[in-house]
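Given below, in the form of structure tokens, are the structures.
Shared between the two complexes below is chain A, which has chain B as its partner in the first and chain C in the second.
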Partner chain A sequence: MSATTVEAPPARPGGRVPEVRPPRERRHVWAYLLPVCVVSTLVFVVPLLFTIWTATHDTKYYEIGAFNGLSTISAMFADDRLLSQVLITLGFAGGALVIALPLGLLSAIALNRVRRLKRTVRSLFLLPWLMSQATAGTIWLWFLNPNFGPATDLTNRLGLGSTDVFSSPGPAFLAITLITAWWSYPQAMLLFLGALQTVPVELKESMQVDGGNAWQTFRNVTLPFIRNTVVSVAVVLLMLYVQMVTIILVTTRGGPLGGTETLAMRTYNQMFVGYDMSGAAASALLLFVINVVLTLVAVRFRRRETL
Partner chain B sequence: MTSRAMTAVRALPVWLTTLILAVLVLPPVAWILSTSLKRDADTVAFPPRWIPDPFSSAQYSGIYTTTNLRFFSNSLILAIGSIALALLICVPAAYAATRFRSRITETVMTLVIVLAMVPGIVVFIALYAMLVGTSLINTYPLLIVVYTAMISGQVILFLRSFFEGIPLELEEAAALDGCGRRQIVMKVVLPLIRPGIAAVAVFVFVFVWNDFLVATVLSTSEDMKTVQNGIVRYITTGYGNFWGLFAAFVVVGFAPVLAAFAIFQRWFVAGMTSGGVKG
Partner chain C sequence: MRRLRSVFAAVTAVLTVAAAGACAGPTDDTAGAGGKVTLTYWDFIDPSQDNARSKALKENIDAFQVDNPDIAVKLEVVSYGDMLSRLPQASAAGQGPDIVKMYTPNVPQLVDAKVYQPLPDAYKEVTDWLRPIDQLVDGDGKQVAVPYEYRTCSLVYNKKLLAAAGANSAPKTWDEVVQVAGKVAKNGSIGFGTGFSEADNSAIMAELFDCFMSELKVPVEDPAAAFASPGAQEYAQFFADLKAAGGLSKSVVADQYSTVTDGLSNGRVAMAVIGTHRIQSVQKVNPDVDWAPLPAAKNGSNTSATFGWTLGVGSSSKNADAAWKFINYMTGPVAQTRMASGGEVPARAATYDDPFFKTDAAKAVLAIREYVEKDSEPHAYPQNWLKVAGGLSSAGQQLYLKGATADQMVQTAKAAATS
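This part shows the complex of A and B:
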């Protein structure tokens, strides 16, 4: 173990560093950290290095061939579909965010003011998110099916015809965006709910005494208190959407005509439909870079709250 | 207006919002529940009927097959294995991160948490490509290790807040009484964070139970698939009218999660959100 020179832990506000601890124990700090380091390395670091390796080599099915430099990556950027896939990813992530974020905030505000039946109402709001993504995708598939679903019944009655949403690109894109927003808004709600509890009640009350209406109270009292949370929730959701595979995979698989093929789906399809391992690795790296950028934003806005 | 009437009027927008959200959230859920209680022929009746007539339990007995039981036992084994492994590696790490604060522990913790944010799909396809020719693919240990790694950042952050709540004086007192670090941890610290451990168990369970992608990519043989794969299988390989069975399977597959949520609601919410804003 190499950690013999660990510096003395900084004094913590909660209490002193225990003097009774024998100094040799500082070496053993690695014994506590090693297991999680090993697991993280095996599952994250090694596959990431392997991805870089395959992205820079020729591959045939799952055989790795000769080093090819950056040709897979330049081929990716030369691919005409990439631009539309990037746009689909942006539209999907942005669209789901624009729905889930206000919906989450609104339901958090409502829930925060509910006095009776609070637990019941909260459980109700949380229901979609408790389901797995696979369940959320498939139950909507059944609900929206054009032949005997209730959605079709409703649109028929309104004279709009059947809800055949998954057979053309535009409606299919809209559907996966809405389903994803539906599934994920409770996560935003929970995070907002935590933040709303930090808003001092006295401030809200004094605002009301001064004659402020609900919007003014929200705008001038609540919002400044939860601004950081709004940003960090937005980033958390964006990360979730950018790497979303399951909901798309169980509903459209990226189709029809590539209309719902986000970057994450492109990666999946290149690997398991096109058997293009090198290309999939290059797409995965692009996805990873986008994720790193989002993570950096998240860390920046989070530091104050936790770490 | 009396103050009671005022309160009622004030509460109106809140209940209106609740109502609107209920209308958005509930229909697909109610529809699945309704479908699962219909006879085969009634599931495809059009226009659809929301209330099954007559009620039938045929779909629920129909999903009682050996394949489906296998899906459930796979999910259960993976969940229990991941809970055990996650606790085994995260409890010491979270303890070290709280009690031996130093630049090294902070760096390691940040790395573990940031790594857990790497998109799953990136990692899974690489793992698949690396392992497809080996005997590791299609095994419980592989999936358990992958699940544990993915959830470990969240678990450590969550457990750390529990360790921080234990007064240092308790540990010092135990040390003065001659306890070694191991005894302190086993006899003093762990019993105090028992609720935290229970909460971790619950949210690791739900995480593993609800996963679809890991099992799809890293379990290629049918007898290693999980509950979520089973749900989707009804949609993708079903011929004829399978919607009743599908709906019943969804309900049964969701029941454990709902039960876990109902029993451990408070910890459940705390645990699930610790990964959001915090990790």
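This part shows the complex of A and C:
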């Protein structure tokens, strides 16, 4: 198979470049793109426009009333809890990422070297991700229960006292961050595992022949090959964490004292506790903007680091 | 070949649009072949589970379908939390269930969200409800739901833990509860089990508030007035005193309804106010557990609130008469006797004529029925009960973690309920 190249015709006297018509195959590309565009419009553009529409109108339950301009959005920015919720969201997402990304990479490197019982070991590593978020949250809630949870039994025996992590804002925040990282790291691991298998063995062998140790091989051979995957995984996980609701809902529902109330949790509470669809739409738009900014930052980083 | 590809691409695009349109369009599968009506019914009980309530539900639905071959009941298992979020959404889209099962305090909110339609006039033929049903109405005073079962608050306690603390009987006032809870805590157990977590819609805090206010004759229908009353102060002071006496669990901020019942079951919690429907399941696991009427408030009253699950017809239903037929069956003597064997308290007097209620197996249900009838009253709820409940939990967290006073606790709860 050979790539089709189109050479630009020579410029005519007078400097005008004649119009170049793309080959016929390219003219049909829109016909192939059309279904994608239609689906994207239906599942992304229309909901986004509907969210903007909802945020700029009064609502009662699921009924949309009169246009209210930017009053819902102004009210959101006037809410003195908003800044703390944004910081909690960024702290939670960043914290979980900082744990899950290296953990996923290390697990993938370890699994890539496993030769015996490969499938069994991989399945064990994948276990957290196979659980639903609700199940994962409930299991940890039970495990860490300060009155009768197994963790409390263990820490009491060691003389450390009970595992009372969900009763104050700081430890509860740490707990949901760790639980989320634990639940999601297999997703990173799987993607890294795929990327690791594309690293040429010859390059690693050459490095070893030149006297490079394991760390130097990883840093100079493996990492450059999987760098784009690392960025992609970081983007995927960040999106997941910024929008995370279920684990927080099951364990703390944003409490205590709002210490685990992320923007996603705020949106959920506005929608399903306060039935304030307009307010929830405004929060969802802010969440969307944060997601877009994080993605743009990551994508820009990815381009710079292209091999 | 190229032309063929173009045609294929265009057809794909058209089909995609057509398929998306088909997905978005409303569907109506209520009337099947031969005019058979299919009713959708949302319940949180999973009939495939191996427990008495699940078995009773399955038997009731099967029996109804045998008696009514022209009606099929399609049960969808939906958790309580999901019902609260999905019912307004589904009803607004015209996709709500034909039969709505809902907890009494949440009925007004769902009425406001247009989840219900008025019951067919046939409901008036049933007149033997144990308690009045006139609070289950819409804004025009039309009946939208009827009781499915009854429950109220009770003081559930561990006899051994109380005896070890020098109390040989259940406390009869809230002040006594505080004193005994403090003594139990000194012995290393949890004096009074409750939870300030919002994770389960603040269920245990809201239930106690409801019953406490009932004792004090404070209507909770208007949260602003309720929180401005001395009754709210008395309620908050009870928690402040409990905290001062050391009677609360160290994990009270994270505890919720299930944590408290688990604590009663495993003998860690000495006392708690829980719904009467939980008594039998806790006693089954821990025979040291007994129950008593709600402790009296300062006015001497211990008349609690009557609540429980209700059944109504969904606003999207096109089969209101068939839906009422099902509701009438489920609240009727045959179905309710099966439910009673699963531990629930039937809502209609006629049910208690069944021979089952002469047996020893029915003694516990009969005792609770007597208590519900004698010591509790149904009342109206506000349209934002979930917010009221959430505010109570936040106020409890402020009390425990920030050292808020009883007055500050009331103000926090009031602010949340009236925001």
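Criterion: the second predicted complex is superposed on the first by the 240 of 307 C-alpha atoms of A that agree within 3 Å, B and C clash if a C-alpha of one lies under 4 Å from a C-alpha of the other, contacts with A are read in each partner's own complex, and residues count from 1 in each chain.
The rule we apply is simple: a residue touches a chain if its C-beta (ideal position, glycine included) is under 8 Å from a C-beta of that chain, and two chains touch if they have at least 3 such contacts.
Because the structure is a prediction, the values reported are computed rather than measured.
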_Going by the contact rule set out at the top, does A:Val289 touch chain B (first), chain C (second), both, or neither?_
neither
*Check whether A:Val39 is in contact with chain B, with chain C, with both or with neither, and answer first, second, both or neither.*
both
*So, does A:Ala31 touch the first partner chain B, the second partner chain C, both, or neither?*
both
_Taking the superposition on A as described, I'd like to know which of chain B and chain C A:Ala281 touches: first, second, both or neither._
first
*For A:Leu124, select first, second, both or neither according to whether it touches chain B, chain C, the two together, or no partner.*
first
*Which superposed partner A:Phe148 touches (first chain B, second chain C, both, neither)*: both
*Counting touched residues of chain A, say whether chain B or chain C comes out ahead.*
B
*Touching A:Leu83, do we find chain B (first), chain C (second), both, or neither?*
neither
*Applying the touch criterion given at the start, work out whether A:Val250 contacts chain B, chain C, both or neither, answering first, second, both or neither.*
both
*Partner chain(s) touched by A:Leu190 [first = chain B, second = chain C, both, neither]*: first
*Overlapping contact positions on chain A, where the chain C interface meets the chain B interface*: 25, 28, 31-32, 35, 39, 42, 62, 147-148, 249-250, 271-272
*Going by the contact rule at the top, pick out the chain C residues touching chain A in the complex.*
2, 5-6, 9-10, 12-13, 16-17, 20, 84-85, 88-89, 92-93, 109, 112-114, 190, 196-199, 201, 249-254, 259, 262-263, 266, 268, 384, 386-387, 390, 393-394, 397-398, 401-402
*What does chain A use to touch chain B in their complex?*
3, 6-10, 12, 14-16, 18, 20-21, 25-26, 28-29, 31-33, 35-37, 39-40, 42-48, 50-51, 54, 62, 103, 106-107, 109-110, 113-115, 119, 121, 123-128, 130-135, 138-143, 147-150, 152-153, 156, 182, 187, 190-191, 194, 214, 229, 232-233, 236, 239, 242-243, 245-246, 249-250, 264, 267-268, 271-272, 277, 280-281, 284-285, 287-288, 291, 295, 298-299, 302, 305-307
_Show me the residue ranges of chain B that touch chain A in the complex, using the header's touch definition._
11, 13-14, 17-18, 21-22, 24-29, 31-32, 35, 43-48, 50, 85, 88-90, 92-93, 95-96, 100-105, 108, 110-112, 114-123, 125-130, 132-133, 145-146, 148-150, 152, 156-157, 164, 167-169, 171-172, 175-176, 181, 206, 209-213, 216-217, 228-229, 231-232, 234-235, 243, 246-247, 250, 253-254, 257-258, 261-262, 265, 269, 272-273, 276-278
*For the complex, which residues does chain A have touching chain C?*
24-25, 28, 31-32, 34-35, 38-39, 42, 61-63, 145-148, 162, 164-169, 172, 249-257, 269, 271-275
